[in-house]
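After this come two complexes, each holding subunit A, first together with subunit B and then together with subunit C.
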Partner chain A sequence: MNNEALKDLLYKMADDALIIGHRNSEWTGIGPMLEEDLAFSSMAQDKIGHAVALYKILHEVLGEADPDTLGFKREEKDFKCCQFIEQPIGEYDFSIVRQFLFDHAEHIRYELLTQSSFQPLAQLAKKIRGEIKYHVMHADTFIKQLGNGTEESKARLQSSLNHAWPFALGIFEKSEFESALIEAEVFVGEDELKKRWLLKISPVLESANLKIPAINESKIVYGGRKGFHSEYLKPLLEEMTEVLRTDINAEW
Partner chain B sequence: MNSLDPRVKRLDFKKLEDGEERTNSHSITWEVFHQEKRGKQVTHVGIVHASSPEMALMMAKEVFGRRGKTTNLWVTKTSDVYTFGSEDEDIFETTPEKTFRDPAFYKVRDRIEKFQNRNKVQS
Partner chain C sequence: MVEQTTDYKKHITESIVWEILETVKDPEIPVLSVVDMGMITAVQIRNPISEIQIAEITMTPTFVGCPAIDVIKKSIREEVLKLGFDEVEVKVDFETTWTSDRMRSEAKIKLEKFGLAPPPLIEGELTEEQLNNVRCPHCRSTDTTLRSAFGSTLCRAIRFCFSCKQGFEQFKPV
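Up next is the complex of A and B:
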């Protein structure tokens, strides 16, 4: 197994977790109600924890820089997150729809990774899959509730789903190492993940009276996995590292 | 509505829209019970606001289960909890005096008497 393939997989997972964690933490203090503010912030914190754990594997097992350097001192083009999770939080309907689409993929990805031939990743997956299971339960509960709610809540969810869909399919963008990872039984691959994801989300969307938009392949938003990002990532990274950059060598 | 309470501020409960009064009636309170270990008793820990029992559990998980050990949570509608009125507190007034109803009372009593007898003999 070549290390470059492993690194590529870990970077994209870690960067997804770090950036969605930062994004979702933007709801802290302004969530729709106190309990949900707390829940959403706590889940955002979980994501940062997942990112740290993955950066640690990159550092300790694969010889990359330390987690703080990886999280805070890389250039925008070095990030391998998908463009979906860079998008602004929008209104709450969008953030919930994004949690629903992204975390279902995360949940299945980690479930599959419990069987990975790369032991550090398999162990981590076993440890945190329960956390992600809750994130999925949380999203499902909201989707079902709001999808069966008022005309307004239904319309908002459907319109957010329409907006999110081309981005969500970008989660499954393949890298050049795709077949190497599959052959080495590190991961079953993005196509398999996408297939299982569709099977999982479809009944939930149906029970919430939501329709998966039909879109042309060409509309899928790819690029993130190769370091091409939307206009929203750079400002996010700048904000995230703002304090650090005031004194880059400070001891914390 | 000018309130510092974020719950009041955020939901803007009484906002009038198209002449329709909005309330937070869809979001009732649920009593939350926390269980630390399987088989252990559940302990009342507080309330959450939610519109369904499923949602109440989702909220309770982070509000009361994000720190320390948790094995399960129970929620029940506040309106399903029956209590005495505060004006009836006097029915419990004399109970603390009835220490003889506490089995521990006898054990302690025996040990005190033993101790007293032993000391008497010695002195």
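Up next is the complex of A and C:
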């Protein structure tokens, strides 16, 4: 198996987890109710933990720099996260819709990776999928409740779904290593993931009276997996590393 | 490192290490030891050269992002070193996946007494019934509901008991 392909897969997963973790943490202290404040804060902690575990594989197995360096000292263009998770948290309806769409994709991705030929990742996937199950349950609960709630809650969810959809499809952007990963049986591939994801989210959206928007292929927001990001990633990275940069070599 | 007499060291067996591990508590759940939790997956004593004795302890984290891991590792090392080893290595890996089914049954009784509803046995995939059928640790009623899958630590969920009208926490089944 070629290591560059493995690295590419791990970077995109780890960067997704780190950045969505940071976004989730922005709800700490301002959640619409205490339970949601706790939920987003806990999910932030989980996601950042997942990112660290993935960076550790990159470091220990594939010879990349240590997790702190990978998380905090890379340039914006080196990040492989999708643009969806860089978007600001917006209002609660957008955050919960994003969590629903992203976490279902992530849950299935880890489920599929438990069968990966790359053992360190297969082992980690077995562990992580059990944790993400709670993230998915959380999202499903609120999507159903708000989708069947008031006129306002329905309208807000639908409008956030419309806004999120082109970004969400960008999760499945393929990299140049796609076929190498499939051939080596590391991962079954983004198309298969997307297919399973649609099967999983459609009935939930339906039971919440939400409609998947029909969009033109050209509207899908790609780029993140290749290092092209929206205007929101750079400020996020600056904020995330602000303390670190006051004394870059400090020992913590 | 403190020098130890060699004959003292020769008597340290793996079962003595397991015993001392019973005294290392999970900082987030002080009534349970790392052995109760099922976090320790292997204990090995090595003699790379005679006279030198090294203990190697392998553990698996409960939650990947558990912030207590480093503290637990440190306490394990400190406690086991007291037995007189020249070095104690604590390794964290995912080779054995931790699930709440690894928790000892006595540990679950201790948890309930501590006021934290213990996780049910999952044995495979977590079902709806296992998630909903939770006994209140205060009044023992099962008329309870999930308030939030996320609580004060990564391993806890918040529930509410309709019988005694109190909120309580549960150790999540994973």
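A few remarks follow.
In the analysis below, the second predicted complex is superposed on the first by the 252 of 252 C-alpha atoms of A that agree within 3 Å, B and C clash if a C-alpha of one lies under 4 Å from a C-alpha of the other, contacts with A are read in each partner's own complex, and residues count from 1 in each chain.
By our rule, a residue touches a chain if its C-beta (ideal position, glycine included) is under 8 Å from a C-beta of that chain, and two chains touch if they have at least 3 such contacts.
What you see is a predicted model, and the numbers here were worked out from it, not measured in a lab.
Superposition note: with subunit A as the common reference, subunit B and subunit C are in steric clash.
In the superposed pair of complexes, A:P32 makes contact with subunit B only, with no contact to subunit C.
Of the two partner chains placed around the shared chain by superposition, subunit B is the only one that A:Q145 touches, whereas subunit C remains out of contact. In the overlay built on the shared chain, the residue A:I128 is in contact with subunit C alone; subunit B does not reach it.
Touched residues of subunit A, counted separately for subunit B and subunit C, are more numerous for C.
Of the two partner chains placed by superposition, only subunit C is touched by A:A53; subunit B is not.
Of the two partner chains placed around the shared chain by superposition, neither subunit B nor subunit C is touched by A:A250. When the two complexes are overlaid on their common chain A, residue A:M137 makes contact with subunit B and with subunit C alike. Contact with both subunit B and subunit C is seen for A:M43 once the two complexes are overlaid on the shared chain.
After superposing the two complexes on chain A, the stretch of subunit C that clashes with subunit B is 131-139, out of 59-67, 95-103 or 131-139.
Common to the subunit B-facing and subunit C-facing surfaces of subunit A are residues 35-36, 38-39, 42-43, 134, 137-138. The touching residues of subunit C, when paired with subunit A in their complex, are 63-67, 93-95, 97-99, 126, 147-152, 154, 157-158, 172, 174. Subunit B meets subunit A in the complex at residues 6-7, 10-11, 27, 48-52, 54-55, 58-59, 61-63, 66.
Contacts from subunit A toward subunit C in the complex involve residues 35-36, 38-39, 41-43, 45-50, 52-53, 120, 123-124, 126-128, 130-131, 133-134, 137-138.
Of all residues in subunit A, those touching subunit B in their complex are 29-39, 42-43, 134, 137-138, 141-142, 144-145.
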